[in-house]
């Protein structure tokens, strides 16, 4: 369903609503992404795709904790060459398909971008906390972030989003680097480094020993990052981390998010997109607000 | 009650058991600290004390979220001069009393140490995430951390623990700096930067706008930090962050903690210390283990 | 629990310094419990629930003044209800209220009345205009007032009024008011060996309101007024700091 | 949910390649649900519950070999039960099991039997020694076996056996086995317009096991085998990838 009240334009992409499937959740196949489109998402981000096939880390690769999920998938993907087919299928969902990509150097990012012509935008994963040479390994270095972003921007004819890791002393520095590199938007946050140990045996539970924490546990951390990025940057901030209810989406937008991504919440609730959108619509209408009224509202409250 | 199975020696302090009250929780008065001693803690850490009286941040200064607590107390304290009395009362509890202290420079730390003669140890708070010039402001800089630790160590005749912030790109670097400075132990972790916004009004909820996340939400992050510090350092790591059940304490010890601190769990359960100790004792006895068998077990499992 | 939004529906000027605010939600509370009232952009302060859906505020500073000046349609954030509240017991009970201390005692009087309890109310204030809930209390039992300036009722402190009763005929005393008044009442009950059948609602500086931070703990028990209290039995308070000192926002002892 | 510890109590060698492990806990499961079995230091793999407190493992690789070699007293970690499981319905039903695919069907047969359902079991394997649960199944109904090499029962694939029945007299078909066998059964049911009264338990590569990662989704529906399945109605599968391709651990399509 399309409601004019929920429609947004984000880095040039037209979206029915401001909820987006987060990278790595049900984003392996085109059919799965189409299914998420039917479930009401305004856009979808694919699983992160690299230059060569990756098996990812050994299982267990994801466990649910009392608070949030802990995962170390390890970026399994069939490489961009195999992924073109899935992308074509995903696009039948008739909503923007953003392809998340990762690499270890500018050349790799550019090769992938050139190899995936159908993408409506690219999200550079500079933030996966549990991959040796990819992800956060490059995403904690502002110089690399700026360089890769610029290279991607030069190569691509579609918008470039840069996804940031919270596992840094100052996320704003990294956001600024992305912005200088020409990013059309930043996405915050990827998972927080975490670990769980099996107390019966002493073994770390994840096959990779440690991984990334997501879900409700990290929402306050995401809200703070979004808040700080919104204040510092002139490009849109896309919020992600622990959104599972419409209230969470509103909170993130008030912190400064132009749209929100949803990942872990799928675990409990496949209808999370449509539920959030419906409740959000009611919220806006009943208070006679438009989306722009609430984006960044927390900043305006404090300035008063 | 004292069980030989639970007794430990930590940086020269004899403790009945490995559970310690974390800094800033019910640590304002001597009477309150004594009450925690009666409730079964093996040692207590006081509220962080500074050189001059501080009012802290305006209320709201603490809220409970679905997952964890979010606080921005802002280090309210009456200064070390006023705190001596409380310390004397706390010591009637007959367990080690560690005084948490904060300052903006070496001189301030040393002044406080000299002014609090009764402390059984000092915990340097180099990690409060929501205080302008104290805490994490110094704790993210390895050079400062080393310098302050060395100064404190030179001044004090009792052990020096250094409490670390997880809000850095690499906590191990900071732990190593503390170790080089002569720290007798590191304590990990302080709260993670976080924020919550009131969706009815758009106001940030905390008086300080943002604060630090604690409780169950952050335990996986703490476990990972402890794990990494244990591997890198030769001094004991004291674990803190989200411990509320005996299983959590065991998990942290397996990651490498020699003892665990407990803070937020008090919110739900005042008897958390005795409950954890009793269940932990049963665990050890029923498996015929001693505490040393489990400290760092996760590392030995993986090396196998 | 994060603050819940409450919209002010009605503002009742009770006395020149005290107003009651009624809102659109009814926290599920027992008498004596409190809420943390967030005046956005200003402060968050503890307030007893004087009504199922209302609080009664004395204007004493920044936050309470902003609250007092609110109008229907304005909104606040509420966390709670928190604290233990009064234990309802006794057949023949005395309520001793001083100033805005009447606030937590009003719902108590209502509930005890419903249980058929016989109630005597001693209501004190500085001056007759500041007597709070006189009419409301009088519907629940026999009432007697005292004013410091003698402008109404007994001229003097409330313990003077207590003297006119046979205290031994009561089986529970409920007390809330200024610190020195509560200390005087406690001492008087103690003289009659009645402190163990009394309940006092205390005030201390609250930061968290939920028993974590420690700013509200009292000596020598270390009990938390926000979580183990605010209501304590008189015998716990007898050798306490009550009436001697409290701690300010920094944690420093301030003598009364 | 993190893995729960389970101690192996008994190991039963069912066939030269298949063993049943019974443990000290009984996950509260319905037939057709699976658990993620963590062999510490090795891998975590999905396994149907073949017993209230047991799984039945075919040794096909690293993890399943380590599992197969476990002894009483050894322990594993279990997450689950997960997945939808079979829907129990029908008065006169057929169970079609191939190889280790018999595992999820055994508890189904037991439960249907308790409901008084009339059951025909078609059990297939490569060779007679690999027939799984022949005796156990025969207690729940009429059983008929097929082997690829003809060493016992019908010589040939299981669809050949199906031909000997009046399929229209059944009101539900439950199927689990190798992919190509399931495809053949589905096609045969479809020829008889019976696909909508059939339930197939699928196998795909699982990483998370709880419906989050997407590695197990099938085309063209995008349904998750781990969460929306592993049991699917035949009509959903008819135009699916079943028997055409699956995806490997990288997500790459592999043709059958």
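We just call them A, B, C and D in the order they show up, numbering each chain from 1.
Assume a residue touches a chain if its C-beta (ideal position, glycine included) is under 8 Å from a C-beta of that chain, and two chains touch if they have at least 3 such contacts.
Keep in mind that what you see is a predicted model, and the values were worked out from it rather than measured.
S.K.: Which number of steps is the smallest that gets you from subunit B over to subunit C via touching chains?
M.R.: Each step joins two touching chains, and the minimum needed here is 1.
S.K.: Could you find the chain whose CA centre sits the greatest distance from that of subunit B?
M.R.: Greatest centre separation from subunit B goes to chain D.
S.K.: With chain centres taken as the means of their Cα atoms, state the distance from subunit A to subunit C in Å.
M.R.: 50
S.K.: Could you give the separation in Å between the centres of subunit C and subunit D, each centre being the mean of its C-alpha atoms?
M.R.: 67
S.K.: Measure off the straight-line distance from the CA centroid of subunit A to the CA centroid of subunit B, and report it in whole Å.
M.R.: Taking the average C-alpha coordinate of subunit A and of subunit B, the gap between them is 33 Å.
S.K.: Among all residues of subunit A, which ones touch two or more of the remaining chains?
M.R.: 65, 196, 201, 203, 301
S.K.: Multi-chain contacts in subunit C: which residues touch at least two other chains?
M.R.: Within subunit C, residues 40-41 contact more than one other chain.
S.K.: What does subunit B use to touch subunit C in their complex?
M.R.: The contact residues of subunit B facing subunit C are 24-36, 47, 53-56, 58-65, 69, 71, 73, 76-79, 82-83, 85-86, 89, 196, 198, 200-201, 203, 205, 207, 263-264, 266-267, 270.
S.K.: Applying the document's contact rule, which stretches of subunit C touch subunit B when the two form their complex?
M.R.: These residues of subunit C touch subunit B: 1-3, 5, 36, 38, 40-41, 43-45, 75, 77, 79, 206-215, 217-224, 247-253.
S.K.: In their complex, what parts of subunit B are in touch with subunit A?
M.R.: Checking each residue of subunit B against subunit A gives 65-68, 70, 140, 167-169, 192-197, 199, 201-204, 209-210, 213, 216-221, 223-224, 227, 247, 250-251, 254-255, 294, 297-298, 300-302.
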